Structure formats: C-alpha cells, structure tokens
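To keep things clear, I will list the structure first and then write my remarks on it.
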Amino acid sequence: MPDDAQPLPQGGSLSYATAELARRFRQTRAQTTALAEPLAPEDQVVQPMDDASPTKWHLAHTTWFYETFILTPFAPDYEPFDPHYAYLFNSYYEGAGERHPRPHRGLLTRPTVAEISAYRAHVDRAMAGLLEKLPEQANADIATLTELGINHEQQHQELIMTDLLYLFSCNPMSPAYSSDTPDTGDAAIPLDWISFDGGIRQIGHQAGFAYDNEGPRHDVLLQPYRLANRAVTNGEWLEFMADGGYGQHDLWLSDGWATVQRENWQAPLYWQRAEGEGAWRAFGLHGLIDIDPAAPVRHISYYEADAFARWAGKRLPTEAEWEVASEGIAPEGNSLGTGTFAPKPAQGGEGLRQMFGDVWEWTASPYVGYPGFRAPEGAVGEYNGKFMSGQMVLRGGSCVTPEGHVRASYRNFFYPHQRWQFAGLRLAEDA
Amino acid sequence: MPDDAQPLPQGGSLSYATAELARRFRQTRAQTTALAEPLAPEDQVVQPMDDASPTKWHLAHTTWFYETFILTPFAPDYEPFDPHYAYLFNSYYEGAGERHPRPHRGLLTRPTVAEISAYRAHVDRAMAGLLEKLPEQANADIATLTELGINHEQQHQELIMTDLLYLFSCNPMSPAYSSDTPDTGDAAIPLDWISFDGGIRQIGHQAGFAYDNEGPRHDVLLQPYRLANRAVTNGEWLEFMADGGYGQHDLWLSDGWATVQRENWQAPLYWQRAEGEGAWRAFGLHGLIDIDPAAPVRHISYYEADAFARWAGKRLPTEAEWEVASEGIAPEGNSLGTGTFAPKPAQGGEGLRQMFGDVWEWTASPYVGYPGFRAPEGAVGEYNGKFMSGQMVLRGGSCVTPEGHVRASYRNFFYPHQRWQFAGLRLAEDA
Amino acid sequence: MPDDAQPLPQGGSLSYATAELARRFRQTRAQTTALAEPLAPEDQVVQPMDDASPTKWHLAHTTWFYETFILTPFAPDYEPFDPHYAYLFNSYYEGAGERHPRPHRGLLTRPTVAEISAYRAHVDRAMAGLLEKLPEQANADIATLTELGINHEQQHQELIMTDLLYLFSCNPMSPAYSSDTPDTGDAAIPLDWISFDGGIRQIGHQAGFAYDNEGPRHDVLLQPYRLANRAVTNGEWLEFMADGGYGQHDLWLSDGWATVQRENWQAPLYWQRAEGEGAWRAFGLHGLIDIDPAAPVRHISYYEADAFARWAGKRLPTEAEWEVASEGIAPEGNSLGTGTFAPKPAQGGEGLRQMFGDVWEWTASPYVGYPGFRAPEGAVGEYNGKFMSGQMVLRGGSCVTPEGHVRASYRNFFYPHQRWQFAGLRLAEDA
Amino acid sequence: MPDDAQPLPQGGSLSYATAELARRFRQTRAQTTALAEPLAPEDQVVQPMDDASPTKWHLAHTTWFYETFILTPFAPDYEPFDPHYAYLFNSYYEGAGERHPRPHRGLLTRPTVAEISAYRAHVDRAMAGLLEKLPEQANADIATLTELGINHEQQHQELIMTDLLYLFSCNPMSPAYSSDTPDTGDAAIPLDWISFDGGIRQIGHQAGFAYDNEGPRHDVLLQPYRLANRAVTNGEWLEFMADGGYGQHDLWLSDGWATVQRENWQAPLYWQRAEGEGAWRAFGLHGLIDIDPAAPVRHISYYEADAFARWAGKRLPTEAEWEVASEGIAPEGNSLGTGTFAPKPAQGGEGLRQMFGDVWEWTASPYVGYPGFRAPEGAVGEYNGKFMSGQMVLRGGSCVTPEGHVRASYRNFFYPHQRWQFAGLRLAEDA
C-alpha cells in the first residue's frame, strides 16, 4: 500500500458510540506520537528513498487528513493552522488540489518537529471540540470520516516504522530504534499442512468498518487446497540460498530475474554477511543482529516469495484461499502493540498459526477490484481503487501493524519488487 | 507478448499428418519472407526502441528456433550455418545459453539481409529433409516442436509488422509499408449489448495445438454480464478526448495517470494533429492518413482502455467472460491474410462482431497462471510462464495476426503502458 | 571548488607565531559554530543535491581534517572520538581510505548535531593541547597543516551558507536565514572602464599562505585591456532578459544552450516571477525579496556570464588580466564578516570597485595548472590539482567568503553549469 | 570536433583558380563515395551512439551543406532534391532552422543509400554548373564557401571512418572494413627529446585556407621545453598498464578517475584480452588483430593521456608548444590517402617524427578562443566558436585524416572522455 494509502468505509454508513470514537481518536493520536518519542529531530526529517517518507511528514500528513476532510468542511469556526500545510502535506489526493512532490518530502526541514507537534495539538483540540458536539450515537459523515482518519493514521504508524528502518539501514553505524535485545532461541513449530475444501465460498467484508477495496462481498470458486501452518522461516530461507536460489534463472519470473541481476540481490533486504565468517546478520529495529533461524523471514519481495515457493515445489496461496482459511481466527497476533518490533517464531497449537501479525504474507493474487467494485466519488474515493494495477495483494498484518487494524478481509498491496515492508510468505499447494 | 515470446504445446503430444505439417512449415516460411519483400535492406536493420526488433533479426531468430531446438538435437548430420548465430539470435532463453543483449539488436549490421536469406534457405533445406523422414503419422518431439516453431514464427510475423510500423513512425517523411489506399466511408454498426448468463463455466484449451499458458482447462464462476457487440471506434475515442478524457485524473489508474503526465499523452499512439486544422490523422501501415471514425481505435495502452471504460460508465471484460462469450464463434476475421493491414469498421449481423482480428482487446485480467499451471522443463519451458507478472491479458488477434494463429483460448499479454501493438478494447458491464 | 576542496601551502614551509596561530584556530572554529546558530537541527541534516552537503556534515568534516591530518599522526596520545568518523567524514581523499559516498551524506541522521558538537569540542581540546606545546616560532608540519586546516574550514564556512541557501530554496515556505531586511535603494555607481597596459607581467602567489594551485609565480604575456569598474548589476541583467537573452542561440556556447533548453533557464537561479505581476523576486539568505537593480547579479553559471558578455559586445577577463589588475588593491570588501549575506551596490571612488567580496567573478580561463605546477605527494596533494579539468576559474570572493580568506592570487573554480555559489561577472574588453 | 563541425575561412576572402577548385570539389566528392564502397547498405544506416552518425547521414549531410549554403542562395534555378532534406540533414546549425535530433539519425532508414546517391549526383551536377560560370580567378563568396564545403566534407570523411569503426566494434563477429593485413614487425625508433627555446613566439594561421578558430595569429610566451620525437607506443602503454596505471587514483584527474571507475576502463578503447592467454588484441579497421607494440597507441581519452604523462614523470605539450615546434615540418604523413587505416611505427630520421598523421595528439590546452577571436555572423559562424567550452585541443591529424586537410595551425577538439577518434599522445617536459 502506498505510504499514504487511506481507506474508505465500504458500504453504507456506520453507527458509532461517540464517546468510544473520541477515545479511540485520542488513543491513536497518542500512539503515533509515542512512536516518534525515541527519535532525534534529525531522524525525523530525511527521506532515504521515494517510497520512505520522513517521520515528520507522517506526523503532519495524518493531521492534515482530519483538517482537510473533517475540520475544514464541518467545523464552522475552524482556522487552519498554517495555509501552506494544505499544499505541503497532501499525499496524492488529486481532488484535494496541488501538492508538494512526493520525492521532495525530505527537503522540507521546516516546519520543524516542534512546529508539527504544535500543529498536531491544534488539530487535536479542534477535533475534540467537534466530536463532543456529536449526538451520542453518531451516524453521520463526521463519525465515518473520523473512523477513516483513525484507520488512516494506523497505516501511517506502520509506515513510520518501516520507513525509519529503511533510513537507519543507510547509516553505516547501524543505529537501533529499540535498545531491547529480542528473545531468540525458541524453535519454530514443525511445518504442517492444513487442508481446505473446494466449492463456492464467499469473501469480502461483512460488517463493521472496512476499506472500500474489501468489498463487495462475493462468491468465489475454490478447488481443494492446503496451507502451511506457519510462515516460512529464516532457516528455510537459508536452505534456499544455500541451494543457489538466487542464481537459478528457472526459479524466477522474468521481471524478478531482471531485478535480481540489476540489484544484485543475494539475500533478503537488510541481510549482511559478516566479513570472513560467512554468517549472515540482519538489520532491524534492534540494530544489526544475528539471524534467528526460527523466526519468519522478512523484507522479501513478491519475486523472491514466488521463487522460493517454486523452489520448494509449492506455490503461494491466492487471496481467496487465504481469506476463506482465516475464518474463525481472531485477527490478533504479534503486532505493534506487543513492542517486539520483530516477527517471532511460530508457537504451539493446532491449525494455522501466525495468520495475523509477524509478517505480511504475499499472495499469488494481483491487486484488482472485486466484481462490482466502484470507487466512491470525490477525493476520498482516491483511497484504493486507483492503485489497482501492477501490485500484488498481501494479507494478515505484521509485527508493526497497530493492534486492531487488520481483519480477515483486509487487503494490503505493494509492487512486486518492493521489500521495505515486513513482508514474508506462507506456502500453499493443491490438495 | 514479448517480441520473442514462444508457445509450448500444452498437455500431451499431438498427432500430425507429416505431409500437412511440411506444407504448413513451407507456407509459414514463405509468408514471413513475403512480409519483408517491400522493404529495403536499410529498413530491416534498425531497432527504434528496445521493444521493437529489426526485421532482419526476426527473420534470423525464427530460423534459429528450428536450428536450436530441432535440427541441432535431432538431425544427426546437421551443420550450423554459422557458429556465431547461436549467440546472436537467441532471444531470451536462459536455458539456451548466453545471448546478444536485446537492446543491442539494432547494432548488428552484419550478417546482412542477404546472408540471413541464405541462412533461412540453409535451415529450410535441412528441415525439409528431416520432415521427409518422419513416419506418415508423426507423433513425436520433432513434429510437436515443428508445430511450435510454426506458431512461434507466426507470432514474429505479427511483430515484424508492429515493429516496422513503430520504426517508420520515427521518420518525419512518414513512409508507407503498403501503397494501397484503405477503404473508408463505411459506417460501423450501432453499439449493442449481448447478454451472458452467470454460473460455473469452463475456460482453457481443449484440443489441438495450444500454448502452455492456455491450460489447464478449469472451472470459473461468472456473474451474469453483457459485452458490447463490437470494438470501440475512433469516433467514440474522439468523444472521450473532446470530453477531456486525457486530462481528468479521476478516470485513470494512478500508474496510468503518471504515465499520461510523464509522456504527455493526449491521443492514441500514432495520432497527429494537422497544424492549424484541429483534425487528427493517424500513422499506419498505409502512411499518415485521416482518422476513420468508424474503424476500431488502435494502439492504445491498457491504461487508456481502462480510463475510457470508466469514462463510459462501463468496464473491461475479464478474460473468462471474453472466452466464454466467444464459444461457437469461428476464430476468423480481418487478419494478416486479408492484406488490409488496418482494422476495419464492424459490419452486419447479429451478436458479437470482431471477436477475432482487427484489434487485440485489452481485458481486465492480469496475466497469471491458471489453477494448476506448471511451466514445462527446459528451455522451451521459458516460453510463457516466466512472464506472468505485471502484464495484462489481451484476447482475439489483430489485423496483423496471421490467419489461423489464434483461437478462443489464446492469451496474449503486454505491459499496461505498451502501445505499439494493434490493441483496442471492447466494453463490458454487469447484467 | 568542490564542497570539500582544501588548499595546500605552496612552496616551502612557513614560519608562524604560535600564539597567533592558536588564536586564529579558535576564532575560526567559533565562527563556524556561530554560522549554524540560527538553524534548527532539522536544517542541518538534509542534502538537497549532490553538490550541497548538510551543515552537520560540514561541521564534522572540518573537524575530521584536523583529526586525520594533524592529531592522529602528530599527537601521540590522541584518541579518535569515534572510529566510524574516519569513514563517514572523509570527503574525497582517496589517500585517506574508503569513504561514505558523497551523494549519501544526507542519509546520516546520526551522529546528531549534539554529538557532532561534542566531536568538535573533543578535537578543539586536543588541538589546543598540541598547539600549546609548539615552540614560539613554529616552522613545522603541525603549524603548516593547522594553517591549512583553518583555510580549509573557511572554505566550508562559505559552503555552509551556499548549501543552506540551496536547501531553503527547495522549501515552498521560503524560510530566511537572516531576519534582517537588507538595505536597498542605493544606486550603483555608473559603469566605467579602467585601462591596463600589455606586456610581460607576473602572476601567482608571492608570500604568506597560499594554496598549491596559486603557484608557481610565472610570467604571462598580456595585450592592453580594459576592465569594468564594477560587477554587472541585476538591472543590467534585466535588460539582457528583456532583450530575449535566454532565447537567442547565437549568444550561447553550445553546451550552454543545451543546458538552457534542458533546464528551461529563463533567469538566474533563485529568481521567481510573482504571479500576474511580471516582476521578479529573488530568494536569498533573507528570504524571498524584490530584486535590487543596483546590486550585482548573483547565482549565474559561466554559460550565462559568457552569454551576457557576448550580448553586451564585451568579453570576460582572463584570470591573468584580473590578477594583474588587482595589484595594490587590498583583499577586503563585502564579505561574510559584514553580516550582510548579500552583495551590495558598488559605491564611490575611482578605479576598480568590488574586486573582493560581493560576488565571485567568472573569468574566461579554464582551470588548469600553471607552468611547472606539480601537486604535492600524499593525501593533501589531492587538494587542488586533481580538479584541473572541465572547470572555470573565478576570482575575488563573495559576500559569504570569510574575512581574510582570499587574496589576489586566489583561484576558485567551478563547473560552467553550476549556479549555487554567489557568482557574478565583471566585463572586459580589448584596449 | 563534433561529428559535424565545420570550418569557416578566417580573415578576408581568398583568391582561387576556378578550374582547380572545381577539380578539388570533384575529387573530394569521389573520395567520400569511395570510402562507402566496401559497405553494405545495412552498414550505412545505424547510429551506434549519439556521437557516431550513420555513413548514410554523412553522405547526405555533406551534400546538404552545398545545397543550403551555396546552391540555394546563389544558383537561381536550383531545385532542392527533396524538401524534407533541409530538416533531416542539418547537423547543428541553429541559424539554418529546425533539424532532426542528432540522437535519432539512426532511425532514418529512408532515404535509402540509393536515394542519397541520387541526391549527391543531383547536387554535384548543380555545383559543376555553378562553378563553371565563375570567372577564372574567383574571389567571391561562392569560391570561399566551396572551399569551406570541401574542407567540411574532408572532416566527415574522417568521421565516416571513426564512426564506422565504432559501429563494427559493437558486433561480436568483429567485421573488418579492410581485408588487407597490416604490416607489423617494424620496431619504432627510440624515444628521444627535442629541445626548443622559450621567448615570445607567434601562433595562429598565416596564409591560405583556415578555419576561423585558427586565428587571429598572436604572440605567445613560452618557457624552454622539450618534446618527444615520436608518439607514445602500444608497448609503452602496456608498461603503464602492467604498472597498474588504471588502478592508481593519484595518477588521474578527479573527473578521469570517476570515468575509469564508472566505465571500468582497463585499457584503451577497442582493446580486448584473449580468454585465458593474457595477451591483448585490438579491434580496428582490419578487424581484431594482435597489438603491435611499436605502433602509436590509439583511441585513448584525454584523461588517459594525462594520466600516462603523469605516470611517466612528464606532461602533455600545450598547443602553442606543439605549433611552434612544428614550424618547417610539412603537414604530411600516414593519412587517409595511404590506405593503411592504422597508425604505423615511427621511422628513421632526426627530429620530430609523426607530427602529422598516425594519431591526433592530445594537448594540455583547453579549447578556447585566441585573443581577439570573434565568430563570424550567420549560420556558418556556428562552425567553431560555440564549441569553446569543456573540450581539449588535439593537434596533427590521424591515419584517417584526408591528405592535405591539416596544417600546423589546425585545432581539433574533443571532450576529455571521448575515445572513438584515432587519438594518442606525445610527451613533453620543461627544459
């Protein structure tokens, strides 16, 4: 999903308990601020590649969203904090006017972190005032858009973490976001295969908040299939590498092979081989540390996920297979709220593990609209639909996805060459 | 399909009447040669962009295919014409060794056209000798690979025409391939909608020769839908343009809009506006001539097809919808054999028109493998499967597709920004 | 001069009064720190283009110079502040080992501004200790290298200002470095021509500190010539623009014209035209303000200077003409020490004005070595000689050149397309 | 000199014997045609890099020159051969209107070689008619411009050879232009040093035809110096390579070192190392053959020439040193007329050898105008002056420079990274 993708409630309007909405608004805002807490101002201003925006920009853009889509149209006395910000902090909404070019976000040393903090406070106060005036059961645009704003901000919480990780990885001093030492030593549970029947099933969103791209709910036709009970591990990835996986053209899609050659990929993003030793270490939010063979592999592209599956004699699941299989599994796991900042080895229990949290799972499904999908009118209609070409669907959430953000029908999407998200894979096969 | 894509027979081996096979081989070879007949040697050597290879290269590469995959392994006394050619004329077969870089095909002024003509004759003689020795009913690798070679060469016949058109379009003198003046003045039949039921249906190849990517035949689940009875016309495209279609961001996919802006697209490829007059003309194989409003629009990208459909309040068909709808329609139409070298207005009759020939039709389907698809082993296994990312499926064939080359299950594929093929669109909608 | 060019004392060793040297060291260090005083940490970390390094990097690199070339070899007990810094803060000294790639300087959010401040203090203490131990009249490597380090740091003071200006110019909010409003309203003195005789004269450095590229002193042969008494003004530049100067190919060098077309130059760097009004404003260290017609034009390339001179029916002076003409003129003027941060209109008096300060003056001389020039051995020998191709000489210093840094023989150099320095021009003609 | 540089007579008009002029015109035209004789049409159409134009283009452009600057203005009844050609075959004359972009010259497969041959015949006839009508002693624009056209065409004769060599070098089959085997086995004469006095001397053109950039003749001041008696040989270059010359940063200019790294230069252009053997061969107009250690090194850049001289403890001569030293030496040598198509080892005799012919010699002088130089008005004034930035002067002519084209004052110029000309070097030192 682009660094500034934002969801639209699909289907009709929702009904909200206003107090609960206000509480969630405050909580989300505070969580975002807390993520930037360990950072110096210097860390928050640089854009290390087009895809990875500065923390400062995320802090401002999420705030701009409430200002632009809620306060300006609905709060009669609202005064914009600074007239420049409408231009500076629009991400990609053509419908919301001209905007600062995305690759130049890192050139904006002003407004400073302190000024953006004041901007956040200004908008928070206005939003609190606005939400206070809603009836107890709000069933209206403001509530719906606030819900959208909260979800939007949660997406940017994840991006703050992944963009920062990319930034820190460019520094030869290997700075760590978290000074905790992650637990290692746990083995992962053995690989096992869970079977599912074929037939006509339904996927797509059913109730509660969801983005527009999760619907309409519709029938899909499945053949019997099996999913691996857990994500592919670093240890399994090392076997792929040891078997020359990055050097065998016949494992790769043509575009993938061209990328491997051009970029000289020999391992997942952030892996480094210690001089002389031959052992790999991986850079992460705890700095540069030894590979944990039991933990899920992370920061791989779709091309790599696809090549691995071919090497293993398996395939990636389709998004329909994934979603049907996830029925009855609570959307909880090792997410941002746990504070681990890294995927962990799969643990105990029967059935599918790690469906939510740890790593996003690349699927075999190109990201296109479901049958009957139409993007809503207006600027918020630019949220998802216009990205429906050239990208692949990922499912399930990662270790830096905020608690409560994902669900079974949630569709994330990235280009097949992109690696800076916490993305891994789960194998599938025909039954 | 890449300029050198080649099909693989899918499923088991086929049974061939040898004499018929030899006749078709000779005929195909002669057709290729005839296409280059109107060209000067100078026209056959230049590569105007990475995607568009020189005629000379196509003439040699199609010959190399028989030499490499048939004569060298199966004809015991065969002497390669020139040892350099294995390197020079391999297109993309990693399994067939190193090759001359694709963007450098236009640097090879030697071998000359005359030398390649001698190469063709050399291989033709050897192939004739080999086919003569086959039993009357050949059911073997040689026949299967010869069939593949014939189909492969037919694909390159189409590419000779589209690559040459692109080359000539770069010349301010607007040279014409054909000196005939195309007929114009016919109106197209009115737009009509043909309805199809939903339900579980089957798509994929059934019998006879097909490429690997056309199978396995499998169930698909359709919702009731309608297809337009004919392709979108130039006249309809002019309405889209007059309505500001190239300037309205909300009609476009995000990647498409970026391409429109970057490339400054304002009309289909090859359209030029006469100075001062405001009227558009289009460059084609007959040179630069007035737009025929009744003829199908040609040389548009997927992005443009998708934007047009959105503007029209419709959508593109999926490839399954297209294939199911084509049942019972003979795969014949305005193809290379007619010598028109341009799409023509849809004429008379009930039901779907122009399903085969005239223009390839962009579908809404990303090009991925069918359920259960596995690429064959070895170099010929690189034919289709490795291209299954980032491209979109087109169906039906064009005015420069050789007679008899396509069928209902035929899947062509190109990247969504590519425009140098004779590609247009047909609209669809939910019933 | 590259953003990290550094001079070498030319000729033999110099004799220094140690106390004076120590005082100048402390003063220079304090001046650098003072320049960064008005900046937020955010302003000090970003690299807006390859040529313009972050303030933070300049603060560290100037410090690294003393550490690498003086403290490490000569101070027996010296402990490097951080072992990473040798790699991070080397600019281009191949002889000093591997270094962080120049275009990636802006990715280093760590060390922070505060940490670099501590680094500066650490090196300052060690340098103070070392200088204290020198004999009263130091005539040795340490003194010579300290002198070099001071001059090196002065160059980076200028670069801090020009790089920051470029960075701020990328921000649509047009932040100002200085909140003072510059004086305007003074007229410039009228243009006048000062004559000089031809004959054999000498140029090159004579006594005191100088960079290696300023020698050897040598004979030059001049024809009689005239120099303008002052720099070309903004007002004169507006006439050039009004006369279509940026649109007449025959005024331009071929490479210059290609640059004008490619970059769409229509005015000096930093000039903006106010919407609708037709009046130009210029961005500078005081923000975006009205053009002062009497002040020297600034931020032009060599190509523009050369085209202007041709338009005016004049030419640029050679560096020899400039140097000979400057004899007897004290190297003082509107420099960094004045705190104006902008060139000012030429004022009163006879003879040549503005020879030092205000703007660097492009000459007609390519930057090559003087007859007999040889670069010194070792890493400091990389200071100047290796840049002797493709660049043009500028003379005289600018409004952000530190007091006392330049002299008559001083040779600055930049590529002919570069515009981010405070560069202008003075006209010349044959007598 | 750019592939289409053209000279302007400097100084006043010249007096010509018309019959002699007409003879030289015919001879030059015939020589050009003869150069293309061994080529297939395919060889004449491709542009392998921006700098290297197709033979066909050279054949047409030299013809366009007479048509545009002589026939159209001066021959009242002249009918242009084809109205498109004014656009297609203008090289860089802004004053002669819009032109086909230089990097796209290789896209023009039409007009064909045969059509351009007809174009040449058409213009030759018209020129013959025009010259016939001149008085016996022509002292007029037509004669002057014809002289210019002849010299212009001679330059393109050289470019036909160097551009073709580059084209053929891109073909893995290593085609040869000439089927002769070049003589080898001669030793070069030993290196010797020839001394010259210092003092005030004169350089620049004196009498007869010359380009505008060769004047005005003017005083220069020289210090005593020595020149090597011959060009640097391949054998000496191998010593430089064996000593790690391409790997020692301190031998190189900064821009040169960056080029070495980026382009991975390890030897002169066209050198290839035979697999396994360690011996170098060089591609040339005779194909790929063994290096002749006694022959002058060819196809090196200025950066390489400069690095070699530094390695050798010497320097390159200035153009003034070269020109003064050449006094009294006839401008003859191993040039295009000899048909050797390769530089040969220096042979016998005292004093300077190989000053003319064999290889162009890079000098230490940037290409700028002489004191008092002004480019003439109008389109022919674009001949030389506008290229006076960023390039270096070469002197003396090469083995593919036409007989009689060069003289002592002749100034050739190329960018310091360019290698596709027959360029080598001669060493110099201070006396």
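Letters are used for the chains, namely A, B, C and D, taken in the order the chains are written, and counting of residues starts over at 1 for each.
By our rule, a contact is a pair of C-beta atoms (placed from the backbone, for glycine too) under 8 Å apart; a residue touches a chain by one contact, two chains touch by 3 or more.
Every value quoted in this text rests on a predicted model; they were computed, and no experiment measured them.
The minimal number of chain-to-chain contact steps leading from subunit A to subunit D is 2.
Ranking every chain by how far its Cα centroid lies from the centroid of subunit B, the top place goes to C.
Mean C-alpha position of subunit A lies 38 Å from that of subunit B. Centre-to-centre, using mean CA coordinates, subunit A is 47 Å away from subunit C.
Taken together, the chains touch in the following pairs: A-B, A-C, B-D, C-D. Across the complex, subunit D is touched by residues 40-46, 48, 56, 84, 87-88, 100, 104, 106-113, 167-168, 170-173, 175 of subunit B.
Contacts from subunit D toward subunit C in the complex involve residues 92, 94-95, 200, 218-221, 223, 249-250, 252-257, 302-303, 306, 364, 366, 368, 371-372, 381-382, 386-390, 416, 430.
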